[in-house]
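The next block holds one structure in the form of structure tokens; read it before the comments.
A, B, C and D label the chains in the order they appear, each numbered from 1.
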Amino acid sequence: MLRFLTAGESHGPSLTAILEGMPAGLPLSSADIDRDLARRQRGYGSGGRMKIERDHARITSGVMNGKTTGAPIALVVENLDYAKWRDRDIEPMTIPRPGHADLTGAVKYGYRELRLALERASARETTMRVAVGAICRAFLRQFGIEVGGYVLSIGEVCVPNHTNEVDAAIYRARFAQAEADEVRCYHPPTAEQMRSCIRAIMDARDTLGGVIEVVALELPPGLGSHVHWDRRLSARLAAAVMSVHAVKGVEIGDGFAEAARVGTQAQDPLYVEDGVIRHRSNHAGGLEGGITNGAPLVIRAALKPIATTLNPLDSVDLATGQAVKTKYERSDFCQVPRAVPIIEAMVCFVLADALIEKLGGDSLEEMLPRFHALRRLTLDALPMDNQPWRFGYE
Amino acid sequence: MLRFLTAGESHGPSLTAILEGMPAGLPLSSADIDRDLARRQRGYGSGGRMKIERDHARITSGVMNGKTTGAPIALVVENLDYAKWRDRDIEPMTIPRPGHADLTGAVKYGYRELRLALERASARETTMRVAVGAICRAFLRQFGIEVGGYVLSIGEVCVPNHTNEVDAAIYRARFAQAEADEVRCYHPPTAEQMRSCIRAIMDARDTLGGVIEVVALELPPGLGSHVHWDRRLSARLAAAVMSVHAVKGVEIGDGFAEAARVGTQAQDPLYVEDGVIRHRSNHAGGLEGGITNGAPLVIRAALKPIATTLNPLDSVDLATGQAVKTKYERSDFCQVPRAVPIIEAMVCFVLADALIEKLGGDSLEEMLPRFHALRRLTLDALPMDNQPWRFGYE
Amino acid sequence: MLRFLTAGESHGPSLTAILEGMPAGLPLSSADIDRDLARRQRGYGSGGRMKIERDHARITSGVMNGKTTGAPIALVVENLDYAKWRDRDIEPMTIPRPGHADLTGAVKYGYRELRLALERASARETTMRVAVGAICRAFLRQFGIEVGGYVLSIGEVCVPNHTNEVDAAIYRARFAQAEADEVRCYHPPTAEQMRSCIRAIMDARDTLGGVIEVVALELPPGLGSHVHWDRRLSARLAAAVMSVHAVKGVEIGDGFAEAARVGTQAQDPLYVEDGVIRHRSNHAGGLEGGITNGAPLVIRAALKPIATTLNPLDSVDLATGQAVKTKYERSDFCQVPRAVPIIEAMVCFVLADALIEKLGGDSLEEMLPRFHALRRLTLDALPMDNQPWRFGYE
Amino acid sequence: MLRFLTAGESHGPSLTAILEGMPAGLPLSSADIDRDLARRQRGYGSGGRMKIERDHARITSGVMNGKTTGAPIALVVENLDYAKWRDRDIEPMTIPRPGHADLTGAVKYGYRELRLALERASARETTMRVAVGAICRAFLRQFGIEVGGYVLSIGEVCVPNHTNEVDAAIYRARFAQAEADEVRCYHPPTAEQMRSCIRAIMDARDTLGGVIEVVALELPPGLGSHVHWDRRLSARLAAAVMSVHAVKGVEIGDGFAEAARVGTQAQDPLYVEDGVIRHRSNHAGGLEGGITNGAPLVIRAALKPIATTLNPLDSVDLATGQAVKTKYERSDFCQVPRAVPIIEAMVCFVLADALIEKLGGDSLEEMLPRFHALRRLTLDALPMDNQPWRFGYE
């Protein structure tokens, strides 16, 4: 079992995470984490704060002599911004912003000051998810598993003719292309349109959402299970991705497009090549019956545009009961490019957890040989009895 | 904490579920459950099996004198079909059907006979989810909470101009309309098209998927939380819905459509009427910051068409390594109408769990007064301090 | 993760359990379970009911062709007694018996009839724990792990000079001796005294408790962990054992006796023999730092005497508020011999869960080779770097 | 659900904890936590380290304006000792100390350096449990619930004629007396003997264990449940207490002494006084059927003596395979007085979790009125139907 808790407010002194259950023997340094933290801080359409923070994760436990020990790993990221908030009187906030947790958080916890909701509900919290995900990513890499992602659409601009593939090489090329681009789109002409779209929305004092696709390559078949609803990898991934700020939709493989197809066009036929069973297509996004099938695992997230806009929205001042406009809080104009590593992080966490479950064990040294013995989609690894049989319950 | 386990194979003697954590004092009889089981067995486009089974849930514990006692509730549904399977030799199954867990289940568990995967991976398992969900529904009803659903699309036929609403009455009308219709669509002209579409697909020896919307009415604000990723109600709902057979996509509120809008058009502005805070629209589907906001909670599921088609698909005989066509297993042509109560059941379970968490307590008698004191979206219930304040961590 | 739920009332139609997470490929039949159910029903000092029930567990899922499939296993045990309770009016029960859940259960759940608490709080529930434990035992046996137990004391009669041992053979002899005896004590002269003691208590219309020791042999080292409190095997075992009816104390190894010793006498010194690291004693009961050390795992439970006595106790009639005496409910005079398989069952469950965690995997075929590669307490398996090193956190 | 993770090594830079699930509105400052941290650092028989560390918990999240917000609370305690360990080469450790996790930790995680086990297995980790427990204690106090503890025995010296009581005032006096004493024993003559006993063991270069009793006062009846094994409060408490370093035995109420009594002497008879139902004795330690009964909750822990002794023990040098003596690591001579707040902390955590479960809700403001409506052990609160009834399952 792999588990983590995060803590920290947007303008508090620091953000903290504890990751518990990571096996021993994984080489790990702050640099492994800071790389993803930097990716989270870069992206066309960011607001001002990203110029203030340069996130660095201090590892304060769970790593000795450069390797994980199996003990809980504590991570701390300082909020440089805190200095400015620390000793000053903070103005009351009484006007909830539609689309945020301002109102719902206050209702739930009985707040008499809306910033108490905002401080924790802010996407600043995802910093620690990315930090935790970076450790999971380092773990997965030891098994040759790679997780990457890119932006498929911003507002109404989307990559044309995008498809799910069985060939990992195509995804690797997309990852590289996206990483080189400020909007994290793998298709340069679309990326160019996205950028101008974001520039226009900034001028319009508005915001834009979009769709992100995250893909995991070289996963072994057999992660997740069909035997119980909460063991399905699809369910676990859906929860993790839907939990990210602003996500309102999740798809696996072709997702909603599958619902419009006929059955014979919606599946991925099998064939054998050199004794290996292969899929001709990847509509399923690498998951059949909630279990990885060895094809690239594909998951998509729809992010609504950030609810904080320079053009204010209609709201209510809870202190007076009067109809008022929202006040602006510093925010991104388009968070989508920056959200790619966040979705990746959540996917890395779920996959690391599922892999630990499949492999068992407490150290890389113990797990790697087990991994190499994992059943592959080869005919040899799947001998059939080919005999009549009986239920025989008693 | 509410939890349940289900057990049972598609052609085994019986299906079993245990629901643990249901408070005491809830009036409950088999009839409450059988009603939803019957709904799951009816629907345009079903295959032959539904004529065989007439599901009846026996309650064998947790209910005394007609009311729940707080003890675990065991439910048993007999498989009438079992008599035919019991004592006969069952032919070996060595050809995996693409899109099912036949192959992935065998890889995971080392099966040498594919039917071992099929028997548990079959959607027959959802019978017990519906049974458990029916108890949760009865519980929610005690608080005035209503959960219903309908089919939004079958294949390429979808309800035109469908929107999310703030007015519960509109949803109640839709539920009633859908319930009266064999395809469970609330829009009669579309329902008619859906039926002809299903007839055509039967003739074409193919299958069809579709999209289902499930809505919960009269939920109190404050279920779920923004403070930790796995407490967000959106995440918990996404897992529950994505875990249903054939679901490949989940949306909350406007879902993917939100990703294409600009920020000022994507939120639900607030206003006050008679001291009550209201939303002008319901793009968010009742969830802001992962917390219910008092508006109807709207969740959608995309179901791929059933992978078993009379027109066979390309596969491999694992016993011989030869390229072969799949063999037909009795199945629906379009499962979407019948899946409505399944999605509803999973939503009922998550909501009952979240409500128990919010209310605490062990009996309806204890919970009902607490429910009535729950904060409503009124100005009175949300007094603001309206004072400057300080972080003050130490 | 291995988990189970049980359901069922003492006089209801049947008892049910679902065990979820058991790997595939384990040979299993009802006979494997019924053996332990019969052990639970035999024992000197039992009351009348054991003559009525002859427990038989029907397996209704999760087993096909004589082996587990990895799917949830449902078990059903009929209550033969139910026929007598079914259609008759049951007299109200308004006098709580001290020492039972009659009063606390009613307070918690708001019962207006005490039998609602009694029906679920009855030790009849442990039938399903024993059934689940029997499956876990069958699983452990595949790895050569054996779990047995015996009675150490009844009332004030206890086995003289009892000690914890490092030699598994001594425990095997004790198991065999105890199993052959009606009070399940391995020491015949003490067993004889226990029997006369129980006869005397029956005459005195009173009841007796005692102490049970359960031991697991041939466990690999490395189950459980010191890295987090809830991963310590000692903690997990303590919860499982303390959860059994009437248990008021739990010890691991020498337990309370350790608290009275000086440190140099309280540990188990190490030595090497033929390259294997061995313990000279077993005060620790096989657990150091919450982790198995390869020595026999020893856990003890103190059971208070059954609270239902023919000599009534002072109580209160809740219907009248009057001081009254308790009424007798059919019960054992000494449940201790019969409780041995119950404690064993809970230990088997925890150990199976810990072993699955250590080995990972989904079938015996996958787990057995992993088990054989598990680190043993040999010098070869524990190569030391023997080099200076640095913390190096960043 | 209340949960926490701790992280940190004994000589690493800092210790960290995150407590998740604490309701909003609880006044909290570092001082509330430091008080218990100081209690953990004081105690007759401590070793040298306690002079180095003066533990102070920084709260870095989850508290704003002096009150909890419902968000996760992160706590950091610096290890002042770290400065000395940071940049120096640390000598290899290859000789496992019997009774510690040195060997078992290395076997489990594949360590090639034993200090990797020691650093996390050290009781230094309990600092963060005490910190978390202090927050839970502050929470419980808001409801009038008090948790205290004391030492009952050190080595062979124990408080004479100690009994469990129904009267909270007796416990309050014991708490005060113990707190004023360096060995935390409430009985001055025994305390004096304990001190001389500890002095003697220091001279003998050995160590001593003992028994601690922790008691919770003013708990409402109805926490925990009999309906499922893992809901029994007794089980949850046993796990929490057994998880503390060196604990080898746990008792509730009279514990093992109950096993030696006859049934009529082992229960707590009931009587009514002014409409309130009372217990004449408290053998049960406040728990019947795994549920609080309103009497003081009493739990005891047996701690073995610390395994690190100045007189070395027989061990093996894993680097050479030679029989050698253990090397000394700085340690206490008797940790028992200092362990009192640790056991208290674990009990506070379990009780806070159980109370949140019973009350539900997200803020003190919401929970306090619910608490006041909790059923008390009064005849009025327990109206009986006093009517014949029927099972009626269907």
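Note that contacts are C-beta pairs under 8 Å (C-beta built on N, C-alpha and C of every residue); 3 or more make two chains touch, one makes a residue touch a chain.
Since the structure is predicted, the reported quantities are computational estimates derived from the model, not experimental observations.
Chemist: Pick from C-D, A-D or A-C: which pair repeats the contacts of A-B, with over half of them the same residue pairs?
Modeler: Comparing residue numbers across C-D, A-D or A-C, the repeat of A-B turns out to be C-D.
Chemist: Look at the interfaces B-C and B-D and say which one is made up of more C-beta pairs in contact.
Modeler: Result: the pair with more contacts is B-C.
Chemist: What is the distance, in whole Å, between the centres of chain B and chain D, each centre taken as the mean of its C-alpha atoms?
Modeler: 42
Chemist: CA centre of chain B versus CA centre of chain C: separation in Å?
Modeler: Chain centres of chain B and chain C, defined by C-alpha means, are spaced 38 Å apart.
Chemist: At least two other chains touched by the same residue of chain A: list those residues.
Modeler: 5-6, 12-13, 20, 60-61, 64-65, 70-72, 108, 110, 113, 120, 222, 225, 227-228, 362, 366, 375, 389-391, 393
Chemist: Going by the contact rule at the top, pick out the chain D residues touching chain B in the complex.
Modeler: 1, 20, 29-30, 58-61, 63-66, 70-72, 222, 225, 227-228, 356-362, 366, 369-370, 373, 375, 389-394
Chemist: So in the complex, which bits of chain B are touching chain C?
Modeler: 3-9, 12-18, 20, 23-25, 60-62, 64-65, 69-74, 76, 108-111, 113, 116, 119-120, 362-363, 365-366
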